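For reference, the structures are reproduced in the following blocks.
Each of the two complexes below includes subunit A, the first together with subunit B, the second together with subunit C.
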Partner chain A sequence: MAASIRRAVLKACSVPANVSILCREHQLTCSVRSLSASQRWMSRVSPICHQQDSMPEPTPLPVADTREATLNATLQHEDYFGVKDLANLRDLFNARVHLGHNSGLRHPSMSPYIFGSRQGCDMIDLDQTLPLLCQALNVTGHVVYRGGMLLFLSRQTQVLPWVERLAREVGEYSHCRPWRTGTFTNASSLFGTLPIYPELCIFLGTQDTVFETHRGVIEASKLLIPTVGVVDTNCDAEPITYPVPGNDDSPAALHFYMGLFRSVVLRAKARRKADGVE
Partner chain B sequence: MAGSRRDKLGSIFSRLTGLLRSGAIKEEDRPIWYDVVKAFPPQPRPPPKQNIPNILYPEDFVRVHFYNTYTDPGATKLADKKTKSVQQRFVDQYLDLHEKKSVPPDSLFEETVRILKEGGVRLITHEEKQAEKSQMKDRDSERESKVNVRQPERLQAGDPFIANATVVSSRPSVKPQTKAKPEVSSVNIDSLFDGSR
Partner chain C sequence: MAGISPWAVKTVHKGTVSSRRLFVIFAHKRFLEFRAQNVVRLSSAPDGNDRLHIAPVTQNKPTAKAVTISKAMRAYMEQARAYDDKMKSEVADFEIGKRHLANIMGEDPDSFTQEDVDRAIEYLLPSGLYDKKARPVMKDPYEIFPKKKAAQFGLDGRPYHWMYFTILPNYYSALYEITWKLEALKDLEDQMRAENRQDEMEGQSFNTASSEWVSLQALKTKMVENIKEKEYKHFVTLMERLASHPLSAREKDFIMEWRVLLQSEELQSAVPEVEVEEGGRMCATASGTRKSSNAIVKVYMPGSGKFNINGKDLTYFSQNLYRETLLLPLVVSGLLGKVDAEVDVELGGPTGQAGAIRLGLSRALLAFVEEDVKEKMRLTGLLTKDPRKRERKKPGQQGARRKFTWKKR
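The block that comes next holds the complex of A and B.
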């Protein structure tokens, strides 16, 4: 008896952390065992979970009989989840979303989103960021509303506990650990099981290291998975389906994005329940 | 998923549309996101900008002029949004005078300095700071020479321990001088904010 329990425990422990993100049956996110004490503390005190959110009532949809008709009707709605109330220009500015990198690090694909260069440091044009951010949030909401799976990705260790906690709280998935090449493209042989792919990948930073793009961006593109990505002035915006130009380094900015995504996912899930499209 | 794994041609939407049109994927098997992306297509990318302008403000000129003439009046607390730094007060005063047009443009800077000094701000020019530094140096070298004169006498006693003891004991006499230093060298910031508190 004891031996069989021990075997079961060993088996559970030996499952690679990444498997859980691809199989719905497993734990939601990677385990928190490998976090340092300070990271666990940070995760506990992060105020993400304390935000109160009240969703505005949308204009009523036309009466639809079938599930399909309801889903189509929501797509006709301009802003079904009220994302335009979630953020304004002042919030973006206060969250330091406009701060880019040194001009020498500028990526050519980001040049149209740059407002100007202040003392050798690029400033992102928030007038362009705001509509792009709202569209990205809207798409996220609709994908969740239709029952799609989200995957939050980030490679910044500083906010790793926040991202994992966010994913756990909204009932979605996260991947913040080093990306093994083929996690998407060679999943069946890496994990020994048929994977379920996310419907939308949300990159809170599209860089893996300071020098290279996150491999997940390319693999998602290969497997026809749309991506939402916060792109800083040193990132390649080209392979991202819904780029959001903005600071991807400051914890204040990342915390801001996470709060928005959290709100929109929870709103979409509540709407999904209320409309009976589950 | 069916389809090529090329990731650079077209967009994911155009590639999936191709698969649907050719019949490789049936209409009912299309992924959840397809209708969403169709309804809210990504905005077209704007063409790349060739020249990124430098962001400059009119106050930059005043700041440069200020720092070229005066030394840095000390650290600024960024978290404190109620009290203004000396530099900010200077800039605000300058722009205020500039707007009123009561002062001829040539003497705007001098007038701003005069008003600030009347308000109790102590501004130190680079020359004054330099002179002060050299003064301090002279004083220090005088002191050193005094110490050097004393030391040989005591070293003559022949005991290395006593020699060490003299070096240690000579320190307290230096200290009162260094204590007096901050009064002379830095701006008295507290005096600026007495009125506001």
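The block that comes next holds the complex of A and C.
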């Protein structure tokens, strides 16, 4: 099963233009650049936590008689889990996703995603973040839809229990604790069985300490495990399969991402049940 | 392309970002497996970026509806079967060996118990090895071979535990639970403070006096995981934080799961019996020792505080320090002037005798006090025997530690 999921994900990876076009056409409620300074200040005071319950009904799939055909048909669908309704630019801005680090800390791989520098602090280009976020959510949904295992990772102690609770509540897996070297690459000896790997690793922060990349990022890329990662301006985006440029430090932003992932996972599970592909 | 591995892929977003290397180890089994299932082709797109095309090769194969058993589970089941077979033959060998042993010892093989086996082994194979673990043993194979862990994942290959990938799922989920309990208490505290109900928080803290945290070894056994010293310390720190919260008594049951009661067994056995004498007076007898002195103390209840030490009253000891030593158990238990004591003490000097009487008196008083007073006496140290003895003189020295005077010239 794992191999088939990986195949499906890689397929989705090879045709991402589909998703990004979709997101570009998406109606943006406002643009960051048009906001006045006072509006920015106001939006910083009230962090939001996104909770979506109702899922829009997707356009019906072409009739498919086998399970395999149904799975393929969902890949052709432009937005099967309704991820474009989950977040808009205003939400990202309110959740302070655009706030990066001091310009001196900038990682070269992040420069294409940076909008500019304000008072020495890098601002992330939310126009780029939104489609990438939608793509990451879409991939997550498809992996879950195929019964894949998700692993949520974060080393941010401030939100650690929340990340773990998210994973537990949606019936997936979490690893927010110190990473023992070889958890993926030396799994058979550490676990004492044939290795089991998650089908998708979701990093809500790709750094272990402020200086080091999370070992899980490196081990996942060594084993070709696809990764979704929130990358701040000081992070290395290269080893991440689906990078989402955004703030990975403030609780408001992290709770925002968690809300999105919770919604998409629950939606995908509901759809999996409804379509009878379990 | 020069210098870049052929398995480098350019990012597809807006065609601007640098190459993203896949950290591929060519010889890796997983990668070979991946290559076997997919056609991987590299091409140049018109925009100057390289594209990696991956397509499955298994399209023509008849697809099974669902994979019923994952590879990991199949491997586990094979291991488990091998283990069971091994244990079965070991158990059979053990049973036969036990019968042989019984015959050698001239006893009935059918009623030969494990105790008999141990005795026979000790008799037939006497060993002078100091460490008991190094001596020959013959035990049930299930006690000797390490236990096989139950499968951690289901037939579909999905682990049962949501923290499976942390390697120590039980340990880390315990930490998770502690964290959320602490968060709940903090919220409650905030709420109570906001409503000005601080006075209700009095006495809501958990009392840690009569118990201690489980040891590292016990924690390992309880979690069935190989927990290290550092992780144990982290666990205790977190638990301390929960236990020291002003409202921690609400989580008493949870906290006590991870604590062990102190020394209750010894205390139970040490309580002397109460005898009723003529005239309805109760009395209890106990003995105590300190250094080389022995004392037998008989306590009468009710009384008026009279002491009879080898036929004298408290003036048996000329110094106040020794008299105070004697009286400490009575002061702590609040029975000063309410009981009489008859003491028979021998050997040693005044310090040893006073200490011996103190211990004997404390033990005798246990017969007349409540549980909480017993605990108080234990915490004061009245029920603990002082194990110190006179240290012997060493040859070549003046005393136990003191050296002879030595002058270089």
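We adopt the following convention: the second predicted complex is superposed on the first by the 226 of 278 C-alpha atoms of A that agree within 3 Å, B and C clash if a C-alpha of one lies under 4 Å from a C-alpha of the other, contacts with A are read in each partner's own complex, and residues count from 1 in each chain.
What we mean here is this: contacts are C-beta pairs under 8 Å (C-beta built on N, C-alpha and C of every residue); 3 or more make two chains touch, one makes a residue touch a chain.
All figures in this text were calculated on a predicted structure; none of them were measured in a lab.
**Q** Considering only touches as defined above, state whether A:Ile196 meets subunit B (first), subunit C (second), both or neither.
**A** After superposition on chain A, A:Ile196 lies in contact with subunit C alone.
**Q** Contacts for A:Leu71 in the overlay, against subunit B (first) and subunit C (second): which applies, first, second, both or neither?
**A** So A:Leu71 only meets subunit B here.
**Q** On the A-aligned overlay, A:Tyr173 touches which partner chain: subunit B = first, subunit C = second, or both, or neither?
**A** So A:Tyr173 only meets subunit C here.
**Q** I'd like to know which partner A:Leu132 touches here: subunit B for first, subunit C for second, both or neither.
**A** A:Leu132 contacts both subunit B and subunit C.
**Q** Using the superposition on chain A described above, determine whether A:Ser117 touches subunit B (first), subunit C (second), both, or neither.
**A** So A:Ser117 only meets subunit B here.
**Q** Could you look at A:Ser103 and tell me whether it touches subunit B, subunit C, both or neither (first, second, both, neither)?
**A** After superposition on chain A, A:Ser103 lies in contact with subunit B alone.
**Q** Contact-wise, after the overlay, does A:Leu224 reach subunit B, subunit C, both or neither (first, second, both, neither)?
**A** A:Leu224 contacts both subunit B and subunit C.
**Q** Which of the two partners, first being subunit B and second being subunit C, lies in contact with A:Lys273: first, second, both, or neither?
**A** After superposing on A, A:Lys273 lies clear of both subunit B and subunit C.
**Q** Which subunit A residues come up in both lists, the one for subunit B and the one for subunit C?
**A** Shared contact residues on subunit A: 108-109, 112, 128, 131-132, 147, 218, 221-224, 237-239, 241.
**Q** Enumerate the contact residues on subunit A facing subunit C in the complex.
**A** 1-3, 6-7, 10-11, 13-14, 16-17, 20, 67-68, 108-109, 112, 128, 131-132, 147, 149, 151, 161, 164-165, 167-168, 171-175, 177, 180, 183, 190-196, 198, 218, 221-224, 237-239, 241
**Q** Could you list, by residue number, the parts of subunit C that touch subunit A in their complex?
**A** Going by the criterion above, the answer is residues 12-14, 16-25, 28, 30-31, 33-34, 37-38, 51-56, 63, 65-67, 70-72, 75-76, 79, 149, 152-153, 156-159, 162-168, 172, 175-176, 179-180, 183.
**Q** State the interface residues of subunit A toward subunit B in the complex, per the touch definition above.
**A** Touch residues, subunit A against subunit B: 71-72, 75-76, 103, 106, 108-109, 111-118, 122-123, 128, 131-132, 135, 138-139, 142-143, 146-148, 185, 197, 199-200, 218, 221-226, 237-239, 241-242.
**Q** Tell me, which parts of subunit B touch subunit A in their complex?
**A** On the subunit B side, the touching residues are 1, 3, 5-8, 11-13, 15-16, 31-33, 35-37, 39-40, 42-43, 45-50, 52-55.
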